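In the two complexes below, chain A is the common chain; its partner is chain B in one and chain C in the other.
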Partner chain A sequence: MDVLIQQLFNGLTLGSVYSLVALGLTLVYGILHIPNFAHGALYMVGGYITLTMMTQAGLNYWIAIVVSCLVVGGLAVLMERLVFHPLRHAPAIHDKIAAIGIMLFLEALVQFIWGAEYQTMVSPYGQVVNVAGVTLTMQRLLIIVATVVVMIILYIFLKKTFTGATIIAMSQNRDGANLVGINTNRVAMLTFLVSGALAAIAVSLSAPINLVFPGMGHLVLTKAFVIIILGGMGSIPGAIVGGYILGFTEALGATYISNDYKDVIAFVILVLILTIKPNGLFAAKGGH
Partner chain B sequence: MAGLLKQRNIIAVLIVFAIVFPFITNNNYFIHIMTLAFIWIIGVYGLNLLAGYTGYLSLAHAGFFAIGAYSLALLTTKAQMNYWLAFVLALIITSVLGMIIGLISLRTKEHFFAIYTLCVGYIIYLVIDKWDSLTGGVRGLIGIPAPGNIGPIEFNTPISNYYLVLFFLLITVLVVYRIVHSLTGRTYIAIRNSEDLAQTIGINTMKNKLMVFVISTFFAGLAGALYASFIRFIGPDIGYITITFDLLTYLIVGGIGTLSGPVIGTILIVWVSQQLQFLQDYRMMIFGPILTLLVIFYPRGISGGFIDWRAKRKEKKQNQLNLENQQMLSAQETSAASNKNG
Partner chain C sequence: MGKKKFRFLSMILIAFMFLLAACSGGGSQTSGGGSGESGGKNVVNIGYSGPLSGPAAFYGERTLNGVKMAAEEINEAGGIDIDGTKFEVKVVALDDKYLPNEAGSNAKRLIQENKTPIVFTPHSGGIFALQVFNQVDNFIIGAYSSEPDIAKAQNPLTVMIPPRYDGYLAPFTKYTMERFGKKIAFLPTASQYGKDWAEALQPYWEEKGGEVVYNSSIDFAKDTDFFTIITNALKENPDVMFIGGASEPTAKVVKQARELGFEGGFVIMDQAKLDEMKRVLGDSYELLEGSIGVLPLVDSDEPAVPDYVKKYNEKFGEDPGSEAGLNYIAMHVFAKAMEAAGSVDDPQKIRKHIQDGLDALPAEVKIYSIPSFNEKDGNFEHDLIVGAVEDGKIIHVPAE
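For the complex of A and B:
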């Protein structure tokens, strides 16, 4: 029983991180209808920025996260301006390849600057606490709480502010949004900014319980794709729910099926879903 | 006709150059690099048929490459099979797996297809990596035999291996050439341009897509099998997504959807990488942005860019010719008119 509770808790932690990454991916998909293959690279860059800010600049963990959000968000905006915007009328295959190009570049750049070694990020929340017979680190607890806070902020931003509403409007109907005077270019940039910041938050929270290395974005990215297909491309609640579902499935699968094959689980789920429903589980209105 | 003749000459010169290359360099290392480049080209041709001509970007290509390599390696080392029997079986295994995966994955389109195949690629990689008892896990497989003798011909030297790979490469190019210039090839292009339209004019798109998917995996498997017996040891890394991205880079730089693209792109990048060896792991710092810039400005790569340039020049010439003709005609008319008057 203890094992089950422990694993459910692990699943919650995993799911939180997956949800945040998938949210960024789904926002961009909702706006531009492109699967951003460079999102995993943004996640990875975020990890290194936070790590460097903490170790080299000696900044506080939270300030480091803010810096990381700004840098990665800026990088994402730059990407939109320089790459995805010029490609907006190109065939669908082109922006995928362009995104892969950016991803390869960022990975090589990070490896050049920081080296290929696995690095550890030491967070100030390493203490172990005991809640109801389950031992857990403060960091894991922090991941869960911070994710919920970020989601609530995102929800308020999207639903209650005018700027947020423009994002929703554009994901529903780009031409319509243009007609009522929404500056679609600015909204696209804003979306990329939010998406990059979400990736930076996700990695900054999860890096202390994992490791930081140039290839760290690969698995996370593919799993985020699985999630947004699970939850409907472009759907925000879908990304959140899908993230937690995958988190729980993986945590339980690792215990009760096989630890070696836990990473395969996500892909098997996806393959099963797409085999049965080629357009994803919930063909979202926002997505094509 | 003159253009065709010229093209034919260029191809002949290239083939002759490829044949005499080992004697020109006499450097085993260069021969090794060239052989490896040829193996990649075979794989890139497979990717080109699917992504370039049919418009379906498969990110599981390295997975099929690995399946071909591992099939050959396992059949020769663990099952102690005759090399060429194992070689043929490896190709059959890859194609059959390709057909099964194609049947399912081709029900999806565009982004879904790319993501689906990305996941399939990961599954293949993870299975190879984790199935320790069969594939040797991260340690990989060693002691893969060199290609077996065909009659009196042995394949123990780098030069003989080079010719073997060149032979398969030429066959690959010939087959792809024949496919692209046949009705089947036109059908693939029709599907790329508009699948709905293709279906409307009575093309069985699923059948054609499945066929091109299987052909594509076949070439990936062929490249993999050749790789395994050329390098003689393999690890799970050959099935990792980075290999797919490498192949994609070769294809984009050379020219996606062109016949000469895979050859140009692969050989160019392999040699440039060779020259920039100090960069090794950082080479993507150069090739990554090149990939992105090419897609934005020259989506059809070097080869496609050249074809466009030539087409434009021809058009210009044609326009000029038309203009001159018109001028001449009008001059004649006026002179005829003046004659009448006079």
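For the complex of A and C:
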């Protein structure tokens, strides 16, 4: 029983990080209509920025996260302006190639600046908490709680504010949004900003339990792809639910079936869901 | 139409330029031949193929640092002395991105362009690839990998530098069984190397009356968090955990295992180094209490070590590990073997004089105790000493 609760907790931690990454990916999907392959690289850059802010500039963990959000958000906006915006009338394959190019560029750049070796991010929340035989660490609790808070803020922003509504409108129909007077350029930049900030938050929360290194973006990117396909491309609730589904599947699958096959289990679930709902759990309406 | 044609032509032109650049670049030098003369000086080229970019770049750089440092020392002392003629050592390094096929083509290039009598490579995949053709192409492999199959191949032109990892099975098993108990959980890295290690350890552990209660592996390239797998391993109440992989992620496994309440010992695969793991764990051996692994070079008792550590630190700004240290001593052995063989370009002769090279090694480079070379299997026979953590300090555990 203890093991079950422990694994549910582990799954929740994993799912939280996956959801945050998938959210950024799914938001940008609304603009680009392709998955942004460079999202994992943004995640990785965010890790290095937070780490550098903490170690070099001596900033507090939370302030470092804010700086990281701004820098990575800005980088994402720059990406949109310099690369994706000029390509907006080009065939979709150009966006894909450009995204892969950006990913390779950022990885090489990070390795050039910070080197290839593993680095450690020490968070101030290293304490271990034992509750009824289940081991929680403060950092993991923080991941779970912060993720929920970020999701609520994002929900309020998208559903209750005018600016948020323009993002939704544009992801549903770019031309339509333009016709009703929405400044699509501004919205595209805003979406990239939010997506970059989400990646920075995700990595800053999860990096203290692992390490910071140039390849870290790949760890989450493939999972985030699975999640947005499973949840429905471009769907926000889909990214959230999909993230938790994948987290729980990995934790419970590894426990009750086999650790060596936990990725297989995740893909079997993906196949099952797509068989029943070919567009994913929450296929975005007014699709593409 | 004209525009299209122009575009096509310019693309071809650009592609051609890249091709040219690829041909001329990369090869870091082009002096004439393995033992040719360049600028009035005799030069012997030593080849190196290892990961210098990508996720394993830091590992490749450390191994290369060892070779380079030795080469510089040899040159400072006047070079390799072949019957009165002095040869300068020049290291030619190529990047193979940790891929066996790239190592193969790099070696071909080193032989053809630089006539290197020796090619160092620091990964078992690359070594196996080179063993396919090194007798035909006539060069020695400076093999930096502890995989016993490299020696079992009995390749007459291979020199295996580190201790074979099967030598660790006995001391690791004895120490952890006596101190903690007989139940072990296997959680090594998911690489081929990790699996081979596990397959060697399991029968030995069971033969000594132990039991493997959990057997899986961690894929450091896929998993962001190890809590799930460690929870499952701890469910079986192991006394000891077998872990390993690159030092830093392995250290995170230790940390998470302790967070989940594991109080037993760790058997640490030779790929991970205790001192490098310590750096990730807040510069303290506290969490590593009861671990056994390769003795960190900085904790070695060999008289030459303190000076070497100091010199390495001045040069590269970090403590050397065995990656740098073993390649360093190997390069010195090769230089002495060339002197004993009286040749810098006959690999077979050089290989026959490796033992003489070991015997002629000056005291100040003896940072490891290597009394003999196994002519048949082609591996250095080390005086194996392993390190264990007791009361927050490294203690020496003799292998016998």
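Following the convention adopted for this analysis, the second predicted complex is superposed on the first by the 258 of 288 C-alpha atoms of A that agree within 3 Å, B and C clash if a C-alpha of one lies under 4 Å from a C-alpha of the other, contacts with A are read in each partner's own complex, and residues count from 1 in each chain.
Note that contacts are C-beta pairs under 8 Å (C-beta built on N, C-alpha and C of every residue); 3 or more make two chains touch, one makes a residue touch a chain.
Since the structure is predicted, the reported quantities are computational estimates derived from the model, not experimental observations.
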| item | value |
| --- | --- |
| First, second, both or neither for A:111, with chain B first and chain C second | both |
| Chain B versus chain C as contact partner of A:250, first or second or both or neither | second |
| Which of chain B and chain C A:3 touches, first, second, both or neither | second |
| Partner chain(s) touched by A:122 [first = chain B, second = chain C, both, neither] | second |
| Which of chain B and chain C A:206 touches, first, second, both or neither | second |
| Chain B versus chain C as contact partner of A:87, first or second or both or neither | first |
| Chain B versus chain C, judged by how many residues of chain A each one touches | B |
| Touching partner for A:218 - first (chain B), second (chain C), both, neither | both |
| Chain B versus chain C as contact partner of A:11, first or second or both or neither | second |
| Which superposed partner A:260 touches (first chain B, second chain C, both, neither) | both |
| Residues of chain A contacting chain B in one complex and chain C in the other | 111, 116, 218-219, 260, 263 |
| Touching residues on chain B, where the partner in the complex is chain A | 51, 55, 57, 104-105, 107-112, 114-116, 118-120, 122-123, 126-127, 130, 241, 245, 248-249, 252, 281-285, 287-293, 295-296, 299 |
| For the chain A and chain C complex, residues of the former touching the latter | 3, 6-7, 10-11, 13-14, 17, 111, 115-118, 120, 122, 128, 130, 135, 137, 140, 206, 209-211, 213-215, 218-220, 250-251, 254-255, 259-260, 263 |
| Residues of chain A defined as touching chain B within the complex | 34-35, 83, 86-87, 90-98, 100-109, 111-112, 116, 218-219, 222, 225-226, 229, 233, 260-261, 263-264, 266-268, 270-271, 274-275, 278-280 |
| Chain A contact footprint on chain C (complex, rising order) | 53-58, 61, 216-217, 221-225, 227-229, 231-232, 235, 246, 248-249, 252, 256, 259-261, 279-280, 282 |
